[in-house]
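Both complexes below contain chain A, partnered by chain B and then by chain C.
Right after this comes the complex of A and B.
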């Protein structure tokens, strides 16, 4: 099997290498990719939308259908993880589950109907009297870093019209801060800050903002996601209306991406149980 | 055709083709599901690199309009924004699909207690 795979890969790779002379040279300005639709985007993006960042314009205006369904794909992935892992397996396996208390490293078995002691209760310390505090340097550093990272992600979102940035990047940075909290402290701490229900709601609201903007354009008598018609609502001319709509849409993308990243992490890291401190 | 400028002028494609088939080989020949998922990610990375290298032009800058060019815009001055957009979304979707793939692997591990493909096949057949 391995030899067959190697032969297959070498054969197909050889075919590709033989046909590489059809491909344009590295950095050729006259290559097909740079001569058809791309000059139109570069020449007209600023005139149409008053937004210097052409990537944001193509992302949220010219190709907004693509971006909307990408956000829907991300949402679907979040739901897939949720439905696959968040089963009621606990009820089937005799009703008990395990919980690891991070500060003391004590793992306890909780019987059916048993109550989990509070995070800071004396029960764990009485079980393990010789405990030492768990990673205080990492916890303190992350606690100091997280607010700045979150402000930076909002900057990436809000300044996406004028510099590299936008909804997807901001969403990933924002999601990473919550995941950083979960890694440096434990899952319960970050669940307290952002519960699973919040994550699910935010992801749905994010996609809804995007789709709702398109629907609003449809209701006002234009094509789906044709932002020009929103000009009277946004108190601006048509080009500025497109610029503002790009921001609205990117806020939706940020919310969806951030919430889905966090949601997938919650489910994957705890195998759907979400009570074991990781 | 001069061989050396030809090979140097297309070095991005050699890298992409190498990564492409590295990922494909891992996906076909490895029996561990996690290694297969890593192969899938190498595969995706090669496609992303291919698209991004297609957007590159010599003597061009980022596709963000500069203040002094707002009157007359020359497309040769700016990189092609379209591949950047496509790959921007593709990276995020790749992370989401990676999450789903790991979820499925976790589910398989829960049921069969292993991630080796041949052992899983054996367990299915002996049922």
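Right after this comes the complex of A and C.
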């Protein structure tokens, strides 16, 4: 069976290689891909949308419908992880629990069967079973890094009209900051900053901003996602309305990507229990 | 119609995808607000999808072809949806199947997933809107994006099943991803050769261009990918486990729709994107596909014979049905294609019906091994009635719809002189008959050793009749599962009676004139 698979793979690879010399040369300006639709985008993108970054225009306007569903795929991934992994069963790992006595800073271990402090106790705080000692260097470094990373992500988002960037990248950077917080401190700290409910709702709202913008265009009497019709609402002419709408949908994408990344991390790192984890 | 409705109705090609999708997100959000709202939102979403589909069905029946330009950009620059008679028919089938199963599955979904039920509803609706988009879109890359969302939701829906479901879902994920990658590579080759992603535009370019090895390669890649996605014979391995272990609520809709939509896409690509001469002129590709289907029919049917539980047996029948459609289509004549296209519709209906009947049995008896089916005709007469009708449809006995599509397939085979395929079809019918009558026999004549959980209480008086068989108290499935099932069973008969109209109005216009 393995040999058969190998032969099949070699056969398929050979076919692809044999076909390779029929393909146009790399970067050939006369190839169909560079002569059919590209010139239209290159010539008209700025005029249509007043946005210098053509990639952003193709992504968020000419082919905005694809991009919306890419954001939706990300959302579906978040829900898939939640649906498959999330469980409410708590404390199954090992059986013992660690708590910190806040007034003294002492860490105590409660063996299996021992009486646990109340969930909302002000004196004892539950800490991870795989608890590693407090590391001031890592925590301080990350605390310094996170705000700058977050500002940078906003820059990536806002500057998507002019340079490489945009919603997906900004969302990844922003999501990474929350995950960095969880890694450098612990899952509970980041859950306190951004709960699972927030992550889930943000991811839905993010995609909804994109899809809802499209719906608004439809309700105002134009085709789905045809931003032109939003011009009166955005107090601008049609081309600028497209430019502004690109930013609006990119904000939606950023929110969705960021929230889904964090949400998936929560579920993966704690095996769906969201109490403790890396 | 008043002007506002007129205005709104021209958007039905996009609303069929976006209305379910947006309301599916609302159902998801309900999970964190008020769980009670999740089902109504999902229901409303699929209902509005169904309304949009029926609206398009009526419009296309009048000879209109609906084209919708996303974001107002004309193709090939923007993404367009294009709905002809056949796509409208399939869209209606998708939405109707999904809606009926949603209603029927509500109770079991709420019970199985409790707090996560809203996520199930959301993924279910995402899955369905992905499939609908795949059918409606005219853009080959948009098709891939929608394929992604439908598949991703499908993996999650399957993974939540029992036993080895996570493993089966992983297997499906690997096969599905490989299939999708092949398709995507095909799209890349098409783009390299033509510079376009719009099906109609590409078809025009290819007509002017003449034979081109890159396009042949793209054709092979797309078809290979789709074969894996539709579980055609040598690459069907993921299907039986995935569908057996998935929750019943998921299996019902997935068995009815996933493979069918992949076949629809294969048909659409061959008929309206690639030049027909590429697919049929040499005869080598078409012949190979029909022989593959012939072998697939035999292999699937024999594997079905070897199964010991009902649901698992049915998953192999799904593999057989896929081979019918692939073979029928690649016969390359009008009768065969009509049969394949009609069978997409009929098979979606009868697969849903038979799986829903099994879901009812499993809900009552908790198992579906053949030995668990004893005495079912007495305890669940209505579910078994529906099962009999769907069984007859799968075997292909008139007046159920299954007979008519099979009739077209067989006459297509005879016309093409492809006797292997004809013999395979006939033997598959016989094997299906053996399979189903074995089930009916067990359920009708054999007596359960002990009365089953639910009805033992009602059965204390225990008076035996004098006909030889002890009478068992009725223990039907709950009414919300039974009514959708009966509707589906009646649909199978109705589709049978409407065959002529469906073929003339919706299928015939979709087959190009060159196909004789």
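Convention: the second predicted complex is superposed on the first by the 229 of 278 C-alpha atoms of A that agree within 3 Å, B and C clash if a C-alpha of one lies under 4 Å from a C-alpha of the other, contacts with A are read in each partner's own complex, and residues count from 1 in each chain.
In this section, contacts are C-beta pairs under 8 Å (C-beta built on N, C-alpha and C of every residue); 3 or more make two chains touch, one makes a residue touch a chain.
Worth saying up front: this structure is predicted, and the values here are computed from it rather than measured.
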Touched partner set for A:84, first chain B, second chain C, both or neither: both
Which of chain B and chain C A:163 touches, first, second, both or neither: first
Touching partner for A:184 - first (chain B), second (chain C), both, neither: neither
Contacts of A:70 with chain B and chain C, given as first, second, both or neither: both
First, second, both or neither for A:208, with chain B first and chain C second: second
Contacts of A:226 with chain B and chain C, given as first, second, both or neither: second
Which of chain B and chain C A:218 touches, first, second, both or neither: second
Touched partner set for A:13, first chain B, second chain C, both or neither: first
Contacts of A:33 with chain B and chain C, given as first, second, both or neither: both
Shared chain A contacts, counted only where both chain B and chain C touch the same residue: 16, 23-24, 31, 33-34, 37-38, 41, 63, 66, 70, 73, 77, 80, 84
Contacting residues of chain A [partner chain C, same complex]: 15-16, 19, 22-24, 31-38, 40-41, 61-66, 69-70, 72-73, 75-77, 79-80, 82-84, 86, 88, 197, 200-201, 204, 207-208, 211-212, 214-215, 218, 221-228
Contact footprint of chain A on chain B as seen in their complex: 1, 6, 9-14, 17-18, 20-21, 24-25, 28-29, 53-60, 62-66, 70, 73, 75-76, 78, 80-86, 88-89, 91-93, 95-97, 99-100, 102-104, 106-107, 110
In the complex with chain B, residue positions of chain A that touch it: 1-2, 5-6, 8-10, 12-13, 16-17, 20-21, 23-29, 31, 33-34, 37-39, 41-43, 45-46, 52-55, 57-59, 63, 66-67, 70, 73-74, 77-78, 80-81, 84-85, 162-164, 166, 168-169, 171-172, 257, 260-261, 264, 267-268, 271
Complex contacts: residues of chain C adjacent to chain A: 7, 11, 14-15, 18, 21-22, 25, 28-29, 31-32, 68-73, 76-79, 113, 115-116, 119-120, 122-123, 126, 133, 139, 141-142, 145-146, 148-149, 152-153, 155-157, 159-160, 166, 191-196, 205, 212-214, 217, 220
